[in-house]
Amino acid sequence: MTLSVQHLWLIPALPLAAAAVGAVLPRSGRVPAASAAIAAMGAAFVLSCLALNGALADPARHAVHNFAWFDLGHGAVMLGWLLDPLTAFMCVMVTFVGLLIFVFSLGYMRDDPHFARFFCFLSLFAAAMLGLLVANSLLLLFICWELVGLASYLLIGFWFHRPAAAAAAKKAFLTTRLGDLGFLLGLLWLYDSAGSLLFYDAGRGVLESGVLAGLTAQTVAGGLALSTAIGLLLFCGAVGKSGQFPLHVWLPDAMEGPTPVSALIHAATMVAAGVFLVARLYPLMAADQALAAVPVHALTVVALIGAVTALLGAVIAVAQDDIKRVLAFSTVSQLGYMMLALGVGAWTAAIFHLLTHAFFKALLFLGAGSVIHAAHHEQDIRRLGGLRTRLPATYRTFVIGMMALAGVPFLFSGFWSKEAILHAAHGWTVSPLPLWAGLAAVALTAFYMTRLVAETFFGSPRSPAAAHAEESPAVMRIPLVLLAGCAILLGFLGTPAWPWLQARLAGAPLHGSLEHLFEGGGLMLLSIALVGAGIGLGWRFYGRRPRASAAAADPLAAASPTLMAALAARLGCDEFYAATVGRLHALAAAVADGLDRWVLGAAVSGVGLLGQFGGVVSRENDEGALNGGFDAAGAGLRGAGRSYARAQTGRVHGYLRALAVAFVVLGLVLLAGGVP
Amino acid sequence: MSVLLSLLVFLPWLGALALALAPRLGVSASRRLALAFSLSTLGLGLLACARFDPAAGGYQLVERHAWISALQVSYHLGLDGMSLLLVLLTGLVSPACLLASWRIERDVRLFGLLFLLLQGSALGVFLALDFFHWFIFWEISLVPAFFLIKLWGGPGAPRAAYQFFVYTLGGSAFMLLGFAAIHAATGTMDFVALAGLGGSGALARQLGEPAATLVFLGVLLGLAVKAPLFPFHTWLPATYAEAPTGASMFLTGVMSKMGVYGFLRILWPLFPGHVQAHALPLLWLALGGVVLGAFAALRQTDLKRLVAYSSVNHVSYCLLALFAFAAAVPGRAYDSAQHAAAFGGALLQMFNHGLSAAALFAGVGILEARAGGRRGLGDFGGVRTAAPVFAGLCGVAMFSSLGLPGLNGFVGEFLIFRGVFGLAPWAAAVACLGLFATALFLLTFWQRVFHGPVAGAAAGFRDVSAVEIATLAPLAALMIVLGVWPQLLLGLINPLLLEWFRQFAFAS
Amino acid sequence: MILLLALLILVPAAAAMLRRNLVHSALLLVLSWAGLAAFYLWSGAEFVAFAQVLVYVGAVSMVVLFAVLLTRQNPDRAAPPDAAARLRAGAAVLTAAAVGAVIGHAILATPLPAAAGAPPVLTVRQLGLELMGRHAGSLLVIGALLTVALLGAVVLAAAEPGEKPGGKP
Amino acid sequence: MSPLHLCLLLSTGLFCIGLAGALSRSNAILVLLGIELMLNAANLNFIAFWRYGPAPSAGAGVVFVIFTIAVAAAEAAVGLALVIALHRHRRNLRLPEATRLKG
């Protein structure tokens, strides 16, 4: 049984319907809202599996169904659905992880008064995300891209009465929107040059060779190929959405949202949308690879940004004390990995890592959620500790997630996907930087995850909340166990010996043999050694002698206080932006505002020019000086009117007499001038 | 010959007359009567919509009677896709304005009377096809607007009203002079006839240089003040801020469209050559409106001023599309898809902005009413906690204004950007700045007022009443519908786009 | 003939303007208006003549008389002509004379057709067709004007509500 | 001297009498009557031109006169109503003293 591409719209439509139901339900409609959401998600999961089944039958085929959104008289604006293995795998992942997280939320959000609204927003998000995946048009993708941004905004700010949450929501929306402006410009440029935004359209789509050849043939400013310029602009959107340097600042703050939201949106799915975008547009991004004479290739930029982000995220994660922020920076770092993989040409490896990461990162976040739920919303790892015995199920699954993330060899999925990326980076000839950055991040990841586990679960409880933690209910534990299973099993879909997933994604024939398992063994050994070193060091600093109290100093901070302080402050990125971009905006606003008032004065009266000079600074001054000019002009008119009014004596005889005299004068003038 | 259009124009005036002749009408009855007459526009507009054949092109449901034969003036009403769009907009926004003014207790009868006068004259502007009565409607609209602002406005209202009146009247005076010259040269003031002359270049020849340029500038000035085009917008923030909520809604929702309508109906058809020759500076001005309007909004602390500046920003998008099209003409082959996108986008944006800006003003009006006249950015906090339904409706309007896909604002802005990018890429790039600043100030507004702990005037904030829901909900629902299904409106204007394309493409 | 008519028109008019008694003035004016009607009759414009008789001799004079009677002043407040009034009268006569001189000069300086043809024939039927045809719009406007004037006169003359008749506002 | 000249002179005379009266008398009623006389002079002109004019038309002059009479009647009605209102407010009809409407 398969789902044909014509009916692919059902997958996003089901959660959308659930969101609509949730939106009209009253606050008390907790059960219907949640059951609608979960049922819709379950159905979407089944449909996604059917779609995958269909897509795998012919993996090289891009099945499309295009239709006109609206007609302008001169050609319609087209949208469409696309079914290929990339879409299908992503849909299955999103619906499955989403379903588990929905179930988990039943427990986590049990006591929240806005339970129904939460499920409404979650369903809205799922709908938008799935719409993004099945889109066969960059425009539809962009629309859903913005809608996931909206859902993210609503969910980060779910507890909007907390100023921090409200500010984080705004920051997330604005930062991603900054990237989206690049996306929009790229989209417009692409539309303008290609005349279409459909990905695949029987030879006329923008990802098909005919159009791509046209795009690479033109050069624009700086000698860039047109496709490079468009690709880079589109990549801006991915940078914003996927939290890549330099627009990564919003992601850690987004942890102000409820933890299931962090798991679903800011770890597993939405932030991976940028990676998905680049993977989807891979033919476009890679179109300039054949050109030798261009200053830079689009993918080179992607690889370098990814490398920087992977390293930066891992470094900052070392010094974070909030359990969710550690995971957030780890997400930044892992997304950097994926970008790196895309940049070095291994887009299938990137998607492989995306899928494995989605499962184990969702697992980690839900585990963190379980801890937070149990410990009465205590998130600071310095004040946790000793939860190993109190939360055994959470502990076990969390450690599986940690091992997968750290890349513990052979058994865990993260190892295989990460190896695939490192292998590809090793083979990249342009620059060794991605490989080095990737290897460094491997060690750092192992280190900070060990730190996180040791601080949270080992030692003794360091706060009353931690001491009285109780294991979460089954509705929260079962998703953890399922995700943990996936975190292990999924890796075997893409081992070098049997790269089924990669082959299916690329639509290539599968060549599996056990001999390939240890291909590039030297690199694999090196990375295993680095993982071991990271875990060992982490255990040495944090595991062997757990900290005694919440106030005790961090062992690393004791060794190098300045470095750790800088890292804890996230290397000052936020401050830097506040000082530059924020200031710039404030300045532009002041100039615009001042100019406005200035023009007012100049245009209307031309009076008070002197006052304006200082007036730009002070608002009140401005109002007085400039609008004063307008008033002066008005007063002048009124004065003239008053002097004229004096002639208006109110004596009827006077008027009549004036009339007569005027008539006589007029007659005399006419007579003297000679009447014709 | 149908009298539908005359009915459309004069039924609100008839309503005003009815109110004028019923001095003892009670407060509630006055409100209802005014609302009923105001709703007539929507009903008749839909009727016109049903009778309108989009495929036919040209003006439909035309009414034409000789009027003043000495001046060759005729009473000439007609409807094309653009007029229809704006008539529908007026029909939607006007009842909402009256509903938003439901809480006014003082001189309700006079308020309704003036408002219906205003509504009728706006409809007259959208339907008249002869400059003579077009201008009468255009000027008459100022009078009720002036009194609405002056009598029911805030503390600074008298000055704002005078400023509004003098500024716009001053602008129109030049336009009148221009048309006097046109009439002297051609002997007609009929738009259809003049458009024919303008399209063939005969109008400019008959006027001769430099008279033609002067006339062009005069007409431009009159329209630029009304629209407003940067830098002639300075009357706007004070006026919108001081006007009562219903009047602000109408001013931004409908009257600002009168200016843009004039650009499309008069300036361009009559002076295609001049528009093209001056398009580049005009394009810069429109860009200035987009960018500076958004940034100026960022600095406002008065919510009404903030929304007013956002209005400058949004209306400038329409003008941006028009001028980008004009600027691109010399030395560039036409790409009809870009042209269609730019114009279609401009028309949609007019409609969309009418809805979203009116809804935003209504929202601010509710805030102001609840807070006893305070409407500073810092006077509120956590309104969403206190009034979730209100917050939801305002949120739809805000995100529509911000251009979020899925809501109506996006479609228009996307088409505008699509067109502008193809015609003047740098302008689109610069305008993106405005897009970002819009998001910035709207989200700041949203965060400060609706989020955070309940503070300031939000304490004891009641959620929306039935009347307020009736004001906001239809607008919000339409925003969603039009965001998903823009064909609903585009179907009305598509043939018009083709027609314009033929006209303008060969006018130069 | 015309001189006779001129006498009939001008003398009562001048007398009316000079009399101090308003009732006398009004009655003298009726005479003058009747003279005008005679002039119209003589010119062949019968319909106008009848209109003149009806409107002026009949209606307006009555209204004037009513107004005079309604506003009859107390004898003690009718002040005798003072210096200012005399000055005003002198100035008025001078002005009027100047106007008359200008107009008269203009008339005499203008060559006008001397021959008087047969008076044009205008039946009432023709006049009616004329009124309802070419001038239908104006007729409507005049009708509206009369209505409005009637209403306005009633509103103006009616005692304001709450005001005692004769009381100071 | 053609008849037209005579008629015009007659109308001039009437007009000047009316003007002199309107200017010299202080009583509002008499001022109004003066104005009525001036209007009558205008009517007289219309008829004279209609009768003796260089281009006698079908009936324009007569129609005009009828209209003028109608307007004059309206004017008289409103004017006398004003007179009554004035009297009610000021207890007299001396126009030189009625200057409340000055600018």
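Labels A, B, C and D are assigned to the chains in the order they are written; within every chain, residues are numbered from 1.
One rule holds in what follows: contacts are C-beta pairs under 8 Å (C-beta built on N, C-alpha and C of every residue); 3 or more make two chains touch, one makes a residue touch a chain.
From a predicted model like this one, the values you see are computed outputs, not experimental measurements.
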If one overlooks chain A, the chains that stay joined by touching are B | C, D
What chains do chain C and chain D have as common neighbours? A
Averaging each chain's C-alpha atoms to get its centre, pick out the one most distant from chain B. C
I'd like to verify one number: the distance from the centre of chain A to the centre of chain B, where each centre is the average of its C-alpha atoms, in whole angstrom. 35
Chain B and chain D: spacing of chain centres that average the CA atoms, whole Å: 51
Rounded to the nearest whole Å, what is the centre-to-centre distance of chain A and chain C, using the mean of the C-alpha atoms as each centre? 89
The positions of chain C in contact with two or more other chains are 88, 91-92, 95-96, 99, 103
Going through chain D residue by residue, note those that touch at least 2 other chains and give them in order. 19, 22-23, 26, 96
Two or more other chains in contact with one residue: find those residues in chain A. 653, 657, 660
Considering every pair of chains, which are in touch? A-B, A-C, A-D, C-D
Note which residues of chain D are touching chain C in the complex, please. 2-10, 12-27, 29-30, 32-34, 36-37, 40, 43-44, 47-48, 50-54, 56, 58-59, 61-63, 65-67, 69-78, 80-85, 87-89, 91-93, 96
Sort out for me which residues of chain C touch chain A in the complex. 88, 91-92, 95-96, 98-99, 102-103, 105-106, 109-110
Inside the complex, what are the residues of chain C that reach chain D? 2-3, 5-6, 9-10, 13-14, 16-17, 22, 25-26, 29, 32-33, 36, 39-40, 43-45, 47-48, 51-52, 55-56, 59-60, 63-64, 66-68, 70-71, 73, 77, 84-85, 88-89, 91-93, 95-97, 99-100, 103-104, 107-108, 112-117, 119-120, 122, 126-127, 130-131, 135, 138, 142, 145-146, 149-150, 152-154, 156-157, 159, 163, 166, 168-169
Mind pulling up the chain A residues that touch chain C in the complex? 653, 657, 660-661, 663-664, 667-668, 671, 675
The chain A residues in contact with chain D across the complex are 642, 644-653, 656-657, 660
